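A single structure is presented below for examination.
Chains: A, B and C, in written order; residue numbering restarts at 1 for each.
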Amino acid sequence: MPNNVFTRYLPLLLLAILWEIGPRLHWVDPSELPPLSAVGRAWWSLLMDGDLWINGVSSFINWFFGLGSAIIIGVLLGVLMARSQTIDDIASPLVKALYPMPKSALIPVMILWLGLGAGSKIASISLSCLLPVILSAYNGARGVDQTLIWSARACGATDRELLWEVVLPAALPEILAGIRNAVAISFIVLVASELLVGQRGLGYLISFLGEGGVYDAMFAVVVTVSALGFFADRAYLFFMRRTLLWRE
Amino acid sequence: MERVNSLWKRRFLRSSSIVVLAVAWEWGARMHFVSDFLLPSLSSVLIRLWDDVISGEILTGLGLTLLRTLAGFSMAAVAGIIIGVTIARFRAVRWFFDPIVSIGNPLPKIAFLPIFILWFGVFDWSKIAMVAFSAVFPVIVATWAATENVDKFMLWSAESLGCTRRQMLWQIILPASMPEVFTGLQIALPVSLIVVIICEMTMGGEGLGGTMMTSMRFADSPGVFSGIVAIAIVGSLVVKFMEIVRHRLLVWHQESNV
Amino acid sequence: MNETIFGAGSMTGNGIVFGQVTHTYRPQRGRPVLALDGVSLEVKEREFVALLGPSGCGKSTLLYLLGGFMPIESGTITVGGKAVTAPGPDRGIVFQNYSLFPWKTVKQNVLYGLEKQRKPKAEREQRAQELIELVHLKGFEDSYPSQLSGGMKQRVAIARTLAIDPVTLLMDEPFGALDAQTRTLMHEELLAIMRRTPKTCVFVTHDVREAVYLADRVAVMTSRPGRIKEIVDTKPSNGISRADYINTPEFTEKVDYLWNLVRDEAIRAQEAH
């Protein structure tokens, strides 16, 4: 088994080795691609200095509140739209019109409204993630099998029980898939908004180090952000599989 | 009778919400509930957009943005389909790409932007490369899954009818996986547009994103709002265009007959 | 209150009466279709009536109206003298696609209706266990529906419906998705259950043999618009068991007779297309 894992991830190991020896042997310019070991050292000192922590926590707060609010509002609105014809009629033309908008274009408007601080970042993330969550909750709740609802009704379920005990669980697979999309978008908008403006956050740290020409440290932060995005997705996937165990 | 009424009510509601919002925007801005700076009136934004169209400024920006998007997207599409097909067919290719794709796909690739600037400069190439890098993964994943999941009874039928292995790829596997591959492309194109706009905003210069950022720096709020309206229109046109192409290409697919 | 829910109303008449039920199906796009046209039918208490007809004759629609899932546009449906207006626990229903809650285990599914009746927990548990045993699913209490075969799923659905002890049992082609062997076994099981807990039953099917085998009377419906074409008595005449019934000439005769009625309608439906 360990042998299997080894062969599976061997290509990554090869790439890492290439990354180390390529710049050292000057196949590529080391100022444009610092060798892996240098990046590792830079990462360690960023960690020890606390730079990574301070900026990481700042990024985490923006991400958490932005994504969290989008999930709560999006699921509520999506389910309401699916269950009420009137709300659907009012909201769905707007949702459909705004859905294809490239989400990153919201960032300047949010900066205009809320300034350069955390507020504009949280709002950008929240608005960008909102539409995919609404749409998945809407589709999920609309797609609930009619006979499932009838079965619950025949057992005497009230409207509210129907919503909590039947519609929401039945829509859950689609809602969770929509949230996974939103997680990916949240990382893009978070990093982009921090790259653009701000005085804190991992995205800011990347652009600050890049402008200062400290490339080994810049690479270290890029790798850190990538790893965080990757593990956030994996952790979410794990959570999603656990929650949907009944599907098999 | 009641049904007819409710049908009209629905039509009214459906068409009215956008109109009501537009009117509320214009009215709210004119009554100065918020300052002109935070919310310029809809009419002033539209007039600004029209002026930019007349002066040709927006067309240059639009052209550049679309050119970068399409250049990066086409590279991602071609590379993604080739890699996806070869992964599904050759074990060595799969061995190499499997961990790279499984790690690269969920990565927030936008964080690599400063690295791409470092490598390719601040002009077109870094933006195009960034788009290609961001958009290639959904195409690979979709193509890989699609080509691997072609119905085996269809392959057997083709084989027994005399289809050679070489013909199999072009005549059976690729057409059969078209719907899924196209879905991958439909995910990749909006991603390309998002990434182009971020790149333009970060690096400045011409293009819709850059112009919008300049307007923001000069506190020119009608400029920011006309920018977002222009970008939103481009976004929906691009999505609509892909839907039409899909419909044309996949006439045989049951989804087209609904 | 208790009378209507638990007592199965053995004293009062708990039959079903359809009076001149008419229903128009209105698709989102396209022309409205007359699905049911003046259907009148009486089902006596504890009688098993099968609704038989070609697909699209509105027999399922009639059942959904009886269930109270769709508004009755014209005509009346009464159960035990009371007009049907909404779904209720006096009418349990079993659907063809099982309609189990996939995120609940077998036991949680069976418990669902009992929880809605606010019965004490101990009683709920005991009743659920009884029903799971009644449908021979002991040992599968904690399985999810996705882990069960089609026949087992349908047995869970039947147990879930019987758990709330409805006065009438509505079945919408319940065995239509099962393979032939499983279907035969399920027929025997359903008859055994009906012997132990007799109920008024309306059973929708397009399988002629199934209808004759299970029902006391079979109501044949015409193709669109659905009307009652003929009602045929299918109770074994000399009191023999259902298992023996299947080998009698009487059974074969009834099947042939009904088959010809349905065949005419199916051909008519195709020509109308």
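Here is the rule we use: contacts are C-beta pairs under 8 Å (C-beta built on N, C-alpha and C of every residue); 3 or more make two chains touch, one makes a residue touch a chain.
From a predicted model like this one, the values you see are computed outputs, not experimental measurements.
**Student:** Touch graph of the chains shown: is it line, ring, star, complete or other?
**Tutor:** Shape of the chain contacts: a line, open at both ends.
**Student:** Have a look at A-B versus A-C and report the one with more C-beta pairs in contact.
**Tutor:** A-B
**Student:** Most remote chain relative to chain A, going by C-alpha centroids?
**Tutor:** Here the answer is chain C, farthest from chain A.
**Student:** Cα centroid separation between chain B and chain C, in whole Å?
**Tutor:** Chain centres of chain B and chain C, defined by C-alpha means, are spaced 50 Å apart.
**Student:** Just curious, how far off is chain C from chain A if you go by their C-alpha centres, in Å?
**Tutor:** 48
**Student:** As a quick test, compute the distance in whole Å between the mean CA positions of chain A and chain B.
**Tutor:** A distance of 18 Å separates the two centres.
**Student:** Residue numbers of chain B touching chain A in their complex, please.
**Tutor:** That would be residues 10, 13-18, 21, 37-38, 95-100, 103, 106-115, 117-119, 190, 193-195, 197-198, 201-202, 208-209, 212-213, 215-216, 221, 224-225, 227-228, 231-232, 234-236, 238-240 of chain B.
**Student:** Name, in rising order, each residue of chain A that touches chain B in their complex.
**Tutor:** Residues in contact with chain B: 7-12, 15, 32, 85-86, 89-94, 97-98, 100-109, 111-113, 184, 187-188, 190-192, 195-196, 202-203, 206-207, 210, 215, 218-219, 221-222, 225-226, 228-230, 233-234.
**Student:** Sort out for me which residues of chain A touch chain C in the complex.
**Tutor:** Listed in rising order, the residues of chain A that touch chain C are 145, 147-148, 150-157, 161, 165-166, 169-170, 172, 245-248.
**Student:** Where on chain C does chain A make contact in their complex?
**Tutor:** It is residues 64, 67-69, 86-89, 91-93, 95, 97, 99, 101-104, 112-113, 116-117, 144-147, 160-161, 164 of chain C that touch chain A.
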